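Look for chain A in each of the two complexes below; its partner is chain B in the first and chain C in the second.
Up next, the complex of A and B:
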């Protein structure tokens, strides 16, 4: 794949995929019961971890990742309908970090929707973030698709309110990914009740796209590649014909299909994370469908970081990973197989040595 | 390893230092426990250094990219590090990380902090077969 794939070329490739599925477009639309459905695209940027050092100084490396993603997203032509930000603007939830991140994100041309990450939340329980950006869970409709945003990084009240002497200590503890003193993420009863009510007014043939920071599936509890009430959220999504969950947090390519639900993760703009299977002391559950991203070469500062643009194609998601120091990847919904597949590397014979993680 | 210790180091070093009547190979369970405790104390120190305990000029810490010390592959060193153009030991790559993502001063390869970091990194990788040179 060309490193310089642009959006027009991507859209052409998307059409070619449908052709490869040997179904005429009209048939696909009929099959999905949305004859009036419109295809559209949006951009997705996540996990910038803007870090305040002191005074007006921020970690240069993480700044550069976000600045680059914003610049590239602004070059998309034709324009995406909107942009999503998948959470963790900040590293330690500080107002300085959220302000600095939003200043950079303010350069984006177009409407931006935001998702709450744990690094934005656990200093002041999301107060400053909400003051700047609004509610942490909401829904809207766009061109026949129902979009839902959840705050999936909540945890047990006792851990949040009683365990730590200060808010800063609580934030430090949750900011450490491999913390044995951490606590599992969850959507929680109140938001699940809200989601149930929200979905009652949505037709079952309406494509639903859910955004969360953590995966609404269970991969590795020790790093919170995990949402504790994932099955209960999935159950609320089960009655719909086509559902996609898009999440951040994991700083790597993951995708999966569970029943009617497609899952896609986003790259971070800041730094990549190893796959959980490389921690040899515990068992983990990366979806078998996932062809892993290339192992990061630390000598290339932006390797294994990136951002995404997304084609909502007859209500399913085609995910294009824009990887500044690597070949771009496209994971598209294969209508015949009924699941997302990597358009180049899915067959075992097509994989390359850098995709081996150990 | 224990055999090497017993047959090579112990007779010469301990014998010369203490010239005591005890036998070189007469270590007890209490000795084993103490040696393990010494090692684990160093692992714990390394774990703290790895998680924000280094004097990092930009606050970045090792665990941000390497949770549970993953993606370091200590079992593959020494190996040819193409970016350095030579065969390198793990400590040299640790120092590369300290200089670059952490924007900080490297450690002496035989410093207590460097030994503690490697103790922790190796401990999290225990049980994995040696694979020197592997990429």
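Up next, the complex of A and C:
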């Protein structure tokens, strides 16, 4: 009896129980930044990998993923102050792919800030992307928070400029996983110098949010879930009270805490990657805080893809993962523990077991 | 006479026990809630309530008005007609095998048949009663009901509750189960001749190129032909296309202000298209509706939550074009990742329809041939 009532109540009050993981429509009041009363939210979409086939034909699945994320993000109410796009609009850096992706992203209601991904970069070294979208590293202040965007997918000049017969070959090589001919991502000396100067004018008690395509931490080198000079970038961020790094590239949920820096990854709208820990050929450094998603159902092409709705309160990030055909998740900063935790599935007993029937 | 024989058989199945008695071929035992066990008297009472048109505002609408046994427990209308001919927004789903559903209504807003059965009598475009008390007044004054409720629930006339009414109707509905279709006899009964050659080819398409089985599931020992989940397959979105944001915001505002979801989704066409979102407010479920069973699909036309597809041929075309009737129609931005163009040939489409016609149970076979 009580079970029945509970279930009925759950169905009816589903919104209250899952509000944090679904659309907090009309209910979001995010206390954020230093100035009281300046509440705001933003959305984050990443890794669409729009792929040109020929003529006006593009891979349908990746188009649909981005179209759906844009449509869903447009339902956020109140409107987010802006939307971030986390990189890899394109699959092989082609102008057609960037144009097609930007056309779909043009459907977003609101200002979009862009991050450079390696799939946008290694064909023409980001020329077309920059022509359309501007600089690949920049910063701005918004309602008491300092936002920084880095291009973290650069690599050694020699690899970039001297190793490959064609630009297309260079793009293909950088797109491969476990590539012995590959090269690690890095922010590089010039951008780190720029970052150092940029941060000099920012108060240490100002919350800082950094966007990069690759994680500014070292997880799995073979897939470039990695930034080679991560420690040097982290050192520049260390003096600040509250720092969050949000990255794309990994197509899965990851979160971690290193000192004062919280790390959050974003889902792809295109496809999910497996977790390095399930990929047993190589040692993995997947952060221990991460609760891995249940295995995707391959029938539902959107399963284990998605996008993010982000609350920053008291300067820390709560990531709401919007996961079509799956259970939405929220990874929130736990002020007592001093690190981000999955609000529902952190305890092993609460996790959704992977599917086993195929 | 024929009908009562069917009921008696079903009653025998259920009353003897909930988990051990064999269900019709191809179906699992009917799940029965612990707080509402099946009894013959309760089922009979539910039958009477189910068919009682007095329990509506104009005295002409009962459960069976829209869920008519002679029409595969549907009404064969695009959207159902309530009292005074008022229409809602949704196509009447069949009651056949609703006993197996883990949520009720197209958007799953009720968890069981008990909860479901309480809504239509007081919906302003269905039964039209202002409240449950109006229904109970009629029941409490009817000597037959008084006798039956005392026997079944031990309740005096004044104590007859809407929950008891709902329990009786749900018990009756749990007897409306039907398997033993040509497909069941072919797949579970081991009779290779039970389906035609076209149906056998259609079955292969159903589990293969047609991708149907991923949502309309078939298991090793039984088949409910549903995953009890919610998907946006591209039906009905055009009326809110480009206005999803304002429609969702307006809906949530009304809901916060106390609006009844059951009333809102049946009376406001735009908000109806929000689908499962109306219940969960999860924006990944905008336009998602429950996967219906396909059992007896050949006798429950028209199809989809809005009754927008008239024939099984149209349904197959709709899926074949990736969530649209014509391949020139727009596709919903919120389309499920499971829906994509199938590239079925014309003969394949015919075979798939033939297979869907193999899902009709013997009780309803005569309706299919009409």
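Here, the second predicted complex is superposed on the first by the 315 of 358 C-alpha atoms of A that agree within 3 Å, B and C clash if a C-alpha of one lies under 4 Å from a C-alpha of the other, contacts with A are read in each partner's own complex, and residues count from 1 in each chain.
We adopt the following convention: contacts are C-beta pairs under 8 Å (C-beta built on N, C-alpha and C of every residue); 3 or more make two chains touch, one makes a residue touch a chain.
Model, not experiment: these values are computed from the prediction.
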Original post:
Of the partners chain B and chain C, which touch A:176 in the superposed model: first, second, both, neither?
Top reply: first
Original post:
Which of the two, chain B or chain C, is in touch with more residues of chain A?
Top reply: C
**OP:** For A:67, select first, second, both or neither according to whether it touches chain B, chain C, the two together, or no partner.
**Re:** second
**OP:** Pick one for A:51: touches chain B only (first), chain C only (second), both, or neither.
**Re:** first
**OP:** Considering only touches as defined above, state whether A:299 meets chain B (first), chain C (second), both or neither.
**Re:** both
Original post:
Is A:184 in contact with chain B, with chain C, with both, or with neither (first, second, both, neither)?
Top reply: neither
Original post:
After superposition on the shared chain, which partner residues are touched by A:287: those of chain B (first), chain C (second), both, or neither?
Top reply: neither
**OP:** Would you sort A:278 into first (chain B), second (chain C), both or neither based on which partner it touches?
**Re:** first
**OP:** Considering only the touch criterion stated at the top, classify A:77 as touching first (chain B), second (chain C), both, or neither.
**Re:** second
Subject >> Where chain A meets both chain C and chain B, residue numbers >> reply: 60-61, 299
Subject >> Touching residues on chain C, where the partner in the complex is chain A >> reply: 33-35, 103, 108-112, 114-115, 211, 214, 231, 244-245, 248-249, 252-253, 256, 279-284, 286, 333-338, 340-341
Subject >> chain C contact footprint on chain A (complex, rising order) >> reply: 1, 4, 7-8, 10-12, 14-15, 18-19, 21-23, 25-26, 60-61, 64-65, 67-68, 70-72, 74-77, 109, 299-303, 305-306, 322-325, 328
Subject >> Parts of chain A lying in touch with chain B, wherever the complex brings them together >> reply: 49, 51, 53, 57, 59-61, 176-178, 222-223, 271-274, 278-281, 295-299, 357-358
**OP:** Under the touch definition given earlier, write down the residues of chain B that touch chain A in their complex.
**Re:** 51-52, 57-60, 63-68, 70-71, 73, 83, 96-97, 100-101, 103, 124-128
